[in-house]
Structures are given as structure tokens and as C-alpha cells.
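The following pair of complexes shares a single chain, chain A, combined with chain B in the former and chain C in the latter.
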Partner chain A sequence: MTIYSFWIFDRHCECIYHKDFKRPMRQLRPTSALSSTDPKQRNTSGGPPKGSGPLTVDDESKLVFGVVFSLRNMVKKLSGDQESFFSFKTTKYKLHFFETQTNLRFVMVTDTRVDGVRPILEQIYAGLYVEYVVKNPLSPPEHPGGEGVNNELFTLGLDRFLRPLSIFE
Partner chain B sequence: MVVYSLYILNKAAGLIYQRDFNEGLRKLSSNDYLVLSGTFHAVHAIASRISPVPSSSGIEVLETETFRLQCFQTLTGTKFLLISEPRQQGSDAILRRIYELYADYVIKNPFYQIEMPVRCDLFDRHLGAYIKSL
Partner chain C sequence: MAVRTPRQIGEDVWKTRIEKVNAELVTLTYGSVVAQLCKDFTNDYIQVNEQLDKMGYNIGIRLIEDILARTNSERCRSFKDTAEMISKVGFKIFLNITPAILNWSQDNKQFSLIFDDNPLSDFVELPDDGKAINELWYSNILCGVLRGALEMVQLQVEAKFVSDVLRGDDTTEMRVTLIRVLEDEMPVGDE
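The block that comes next holds the complex of A and B.
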């Protein structure tokens, strides 16, 4: 069993934390093909053409957020405003989702055999995020660009928490 | 075994069949059902794009607190979505059986126009009987 990646999105729909664990494919170039608004520029900048090649972190965070946001709205529509989804599965991976009351969204992408990640995400929120980010007097209340979340204690704590778990192999 | 509803989407994200079997989910307007199927179609495509490993399919199972959605995509791009109670096993086999019924009573119906909404009495009856027998 494997954890591929972990994401936190804030209530402004922005990715405020991201960590890759075991990713077979990832482009290291930090530039984004989706963010450039001019279509001509997008083609000349050498970005990967749509629908092929690995995504950059920036593009992927937008797509991941888009997927969880749309699915969450779909589920709310079908079964009531209090409901949310736990996870979805494809043939190759499984995406787990947890949303707090304050609209912070925790996403974990694992392989398909992993089950019951919801308590782990809750623990990351209550034990690590609240402890090291919210209670940090130097951390701002909002985290544009991941400022404040990307601190050493949180990163170390997350690593120390996830590595001994059976789903991390 | 509780099956809440079945959706059939054509390859262009159009909702060609929608039927509720049991109470449990909210009733939506027909417009909302169209929006829902369009959303799912898009998310299904994006989900295969954000895969950490190459050549992933789209969403197969969506698990929530109140229901479980199973998606089966045929080789021709038609999607069958089955919404059942959570922790329901064997939705996959049910969808394959429904696909057989669809092939027999919808596709083989000479008056059915492909990609258009399904209005086939025989399909309705056999589907109803099959779901009841579960």
C-alpha cells in the first residue's frame, strides 16, 4: 500500500500545502501551462499540450481541487447540505477527502487497496494542523501561497505521523 | 439490497435515462439531473488525468456517508451510474447485468434512435423486475 500525495486546500480554494510521497510521474518544472491566460503564449512557452504528458504541481493542484469541489457539490445536491464524500476510486488510485467545518479540505491520494483514511485525515487536522499551524502565534490566519503551513514542525510532524502507518510502505 | 437510482449517460454527457427505485435521496428537478450528469462526466475525465500512475480510468466508485455510486463505462463511452446504499457490495455485477438489459431491450429496439433519451417499455419492465429481484 502506498500514499502518493497529500494536499490541503483553504476556503479560498487555494492549495496551501502539498507533499508528494511516492510519485512515479511528476514533472519538476514549476511553470504552469494552465495559468497563462493567452492561448498563444501557452503554446509557445513549451508547456505540454493538453491531455498529454505529466502535469506540473500547480496544474495538478487546480485539477485535484476542481474534482473534489465538483464531487462535493454533487453529493450535497443529492443527499443534503451536511453530507460530504469520503473517497473515490479509479482503477489505479484512490482519493480520500475530508472537509472541516471551516472549509479546510484535506486530500490524500493513495493506491486502491487503502481503506479508512478518514480518521487519519482527521488526526492530521486535529493533531498536527491545529497544533502547529493554528496555534502558532507567528502564523497568519490565512495562508496565501502556503505561508505559515509550510513550517518545519508541521512538515516534520506529518512525516513522523505518516511513515509508521501501515498504509505507508 | 437497496438501490436508490440508475443513470445512463451517453458519450456526450447527455442523460438518456434516469430512474429512482427507492426513496433515500433528494428529489431533483430534471434540469438538476442534467447538470449532475454533465458534472460527473467532466469529473470522470479529469480524474483519469490527475492519476499519479499512468493510464488510469475515470472514477469507478464514489463513497459518501449516505450512498455509494458505482460507475461502469462501456467501450463505446456510455456510462451507467448506480447509486445504492453505502457499503453495498456487488454493484459492479448489477451494472453489467443492466448493460445486458440495455443492449437487449434498448439497442436492439429498431425504433430507438442511438444517443437519444431511452423510452422503451420493455427495458423499463425488465429493469424494474431485475432490481426488485435483488
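The block that comes next holds the complex of A and C.
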């Protein structure tokens, strides 16, 4: 079992945090001038590329957000505002979703055998995001323009929290 | 799991998950903030009220995440539920008070919070310049906190004090008005 990637989107629909873990499949093209051999820039999920060539991280973030946002809205339309979806699965990956009441959206992409990621996402929100990002008085409350969460404690904490988990192998 | 009432949630979180600080530390810290603002704005109390509200707003937009993370509660179904959560959970876990909710308007979009006890204004006497007593809302930071916190859960409200025992009124009352429920933001661009 393994985690492929992790994303946070804010209420303005911007990706404010993104981390890739293991990339068995397709490589991504980096958004900036970074070297494309950088292992951090590879990724696995996402939809089909529109044109030719690999996706950029930016493209993928838009695709991931697009799919969770549409699915979430569809679920709400079908069964009421209190309803939310937990995950969906394809032949290659499973995408887990958790949304807070403040419209922060946490997304984790794992392989297909992983279960019960929701409590983990809730813990990331309550134990890491709120503690290190929200309560840091010098960290801006909003992250406009895709500037994102640039917080060492959060990144380290996330790593320390996820690595010992059985789904991280 | 049984559905917990706001009162139970508040009591529970207050007892088990909140680190307490000395109340006088809070009172004196807040007092010195207000005093400094009065000095900075040369006793222009209207400005002071405004600044307190702004500071409260910035606190509120962060504090709401803390409440949600600690209580793990469901989204409120009505503004009445929201009022209960504000009083029995919000004020309970941060200030250990539960202001009474009274005077609902006909359309259920306005209510008052009555503060029997307000830890921010212990020891306080307003300055005797004949102005403060009519202009300064000493605890105005609380209005900002509510406005900021509720905005983050898609409720745009207006909150303001309408009476204060510090001014010689019988009660301390804050009026909260729901202006509108905000829509979810849509992604910009074509994707």
C-alpha cells in the first residue's frame, strides 16, 4: 500500500499545498524551470493530458480540484447539503477527500487497496494544519495567487505523521 | 454515536481539551491593548471601536478553525443552531462564559447575546472625559471575532454592541444580524 500524493485546496479553489510521495507511473512536467528529472516533480493520478506531452503540476492540480469539486457538488445536489463523498476508485488509484466547514479541501491519492484515510485527513487538518499554519500568527490567513503554505513545521510534521503509517510503504 | 448538544460539546471541550491561562492575564492584556489604542488615536473612540473590530476579525478567521478542529461538529442547520454554538461552544471554550440568547427577530435572522459576565471588562472603568461613555464599546473586539469566524463558515453577519454595563446600562448586549449566506466560490478560469 502506498500514498501517491497529497493536496490542500482553500475556499478560493486554489491549491495551497501539494506534496508527492511515490511515483510509479507517469512523470509530470514541472511548472517552473526546475529540472524534470527532479523526483519531486513526478506524479501519477490526474486525467488524460489535453495536448501532447506530460502534464504540469499546475495542470494536474486543476484536474484534481476540478474532479473533487464537481463530484462534491453533484453529491450535494443529489442528497442534500449535509452530504459529502469520501473517496472514489479507478483501476490505478483511489482518491480520498475531506472538506472542512470552512471549505478547506484535503485530498489524498493512494493506491487502490488503501482504506480509511478520512480519519488521517481529519488529523492532518486538526493536528497539523490548524496547529502550525492557522495558529502561526505570522503566517498569512489566506494564500492568494497559489503562493501556498510555506511552513517548515507543517511540512516536517506531515512527513513525520505519514511515514510510520501502515498505508505508507 | 449520539448527537451531542452544543452545551455538552462546550463543557466537554472546556474540561478536557483546553489549556487554561490566568484570567487576569487576559483581562490586563486586553485592557492594555484598548488603552494603547485610545492613546494612539488620541481618544477618538469611534476609531478605537473600528480597530478593535478589525483585530477581532483577524482573530476570528483563525479561531473558527480551532473550534472546528476541536469539536468535530456537524454543520449547523439553521441560524438558531449557529447561535447555540456561538454561546455554548465558542464563548464557553475561549472565555468560559455562555451568554444568553434572547430577542430573536420575527424572521430568525437577528438575535441578542446578553453577557452577564464579561471577563474582558473586569476591573474596568471608562475614562471620565464625557466622551468614552457615549462612544467607546470597550469589548468591541468580540464583535469582530464573531464576524470573522462566521464569515469563514459562509455566514455574513453584522455584530455590534447595543448596551454595556460599563456605560451604566443594565445589561451588556450584543446584537447579531445575519446579512446573507455566502455562496461557495467557484474556480476561476476555464479549467
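Just so we're on the same page, the second predicted complex is superposed on the first by the 137 of 169 C-alpha atoms of A that agree within 3 Å, B and C clash if a C-alpha of one lies under 4 Å from a C-alpha of the other, contacts with A are read in each partner's own complex, and residues count from 1 in each chain.
Note that in this section a residue touches a chain if its C-beta (ideal position, glycine included) is under 8 Å from a C-beta of that chain, and two chains touch if they have at least 3 such contacts.
Note that the coordinates shown come from a computational prediction; the quantities given were computed from them, not determined experimentally.
Chemist: Sharing chain A, do chain B and chain C clash or fit in the superposition?
Modeler: Because the two structures are overlaid on the shared chain, the partners are seen to fit without clashing.
Chemist: Once the structures are superposed on A, label A:V134 by its partner contacts, choosing first (chain B), second (chain C), both or neither.
Modeler: Touch partner of A:V134: chain C, not chain B.
Chemist: Figure out whether A:F168 sits in contact with chain B (first) or chain C (second), or with both, or with neither.
Modeler: The answer is neither, since A:F168 touches no partner chain.
Chemist: Please work out whether A:V67 is in contact with chain B alone, chain C alone, both, or neither, and reply first, second, both or neither.
Modeler: first
Chemist: A:Y4 contacts which: chain B (first), chain C (second), both, neither?
Modeler: So A:Y4 only meets chain B here.
Chemist: Go through the superposed model and pick first if A:V109 touches only chain B, second if only chain C, both, or neither.
Modeler: first
Chemist: With the two structures laid over each other on chain A, which partner does A:A126 touch: chain B (first), chain C (second), both, or neither?
Modeler: After superposing on A, A:A126 lies in contact with chain C but is clear of chain B.
Chemist: State whether A:Y93 touches chain B only (first), chain C only (second), both chains, or neither.
Modeler: Touch partner of A:Y93: chain B, not chain C.
Chemist: With the two complexes overlaid on chain A, what is the closest approach of chain B to chain C, counting only CA atoms, in Å?
Modeler: Scanning every C-alpha pair, the shortest chain B to chain C distance is 11 Å.
Chemist: Check chain A for residues that touch chain B in one structure and chain C in the other, and list them.
Modeler: In chain A, residues 63, 66 are touched by chain B and also by chain C.
Chemist: Note which residues of chain A are touching chain C in the complex, please.
Modeler: Against chain C, the touching part of chain A is residues 11-13, 62-63, 65-66, 69, 81-82, 100-103, 122, 125-127, 129-130, 134-135, 141.
Chemist: Name, in rising order, each residue of chain C that touches chain A in their complex.
Modeler: 58, 61-62, 64-66, 68-70, 72, 74-75, 77, 152-154, 184-189, 191
Chemist: Applying the document's contact rule, which stretches of chain B touch chain A when the two form their complex?
Modeler: Its residues touching chain A are 25-26, 28, 32, 36, 39-40, 42-43, 46-67, 83.
Chemist: Touching residues of chain A toward chain B in the complex: what are they?
Modeler: It is residues 4-5, 23-25, 51, 55, 60, 63-64, 66-67, 70-71, 73-75, 77-80, 83-93, 95, 109 of chain A that touch chain B.
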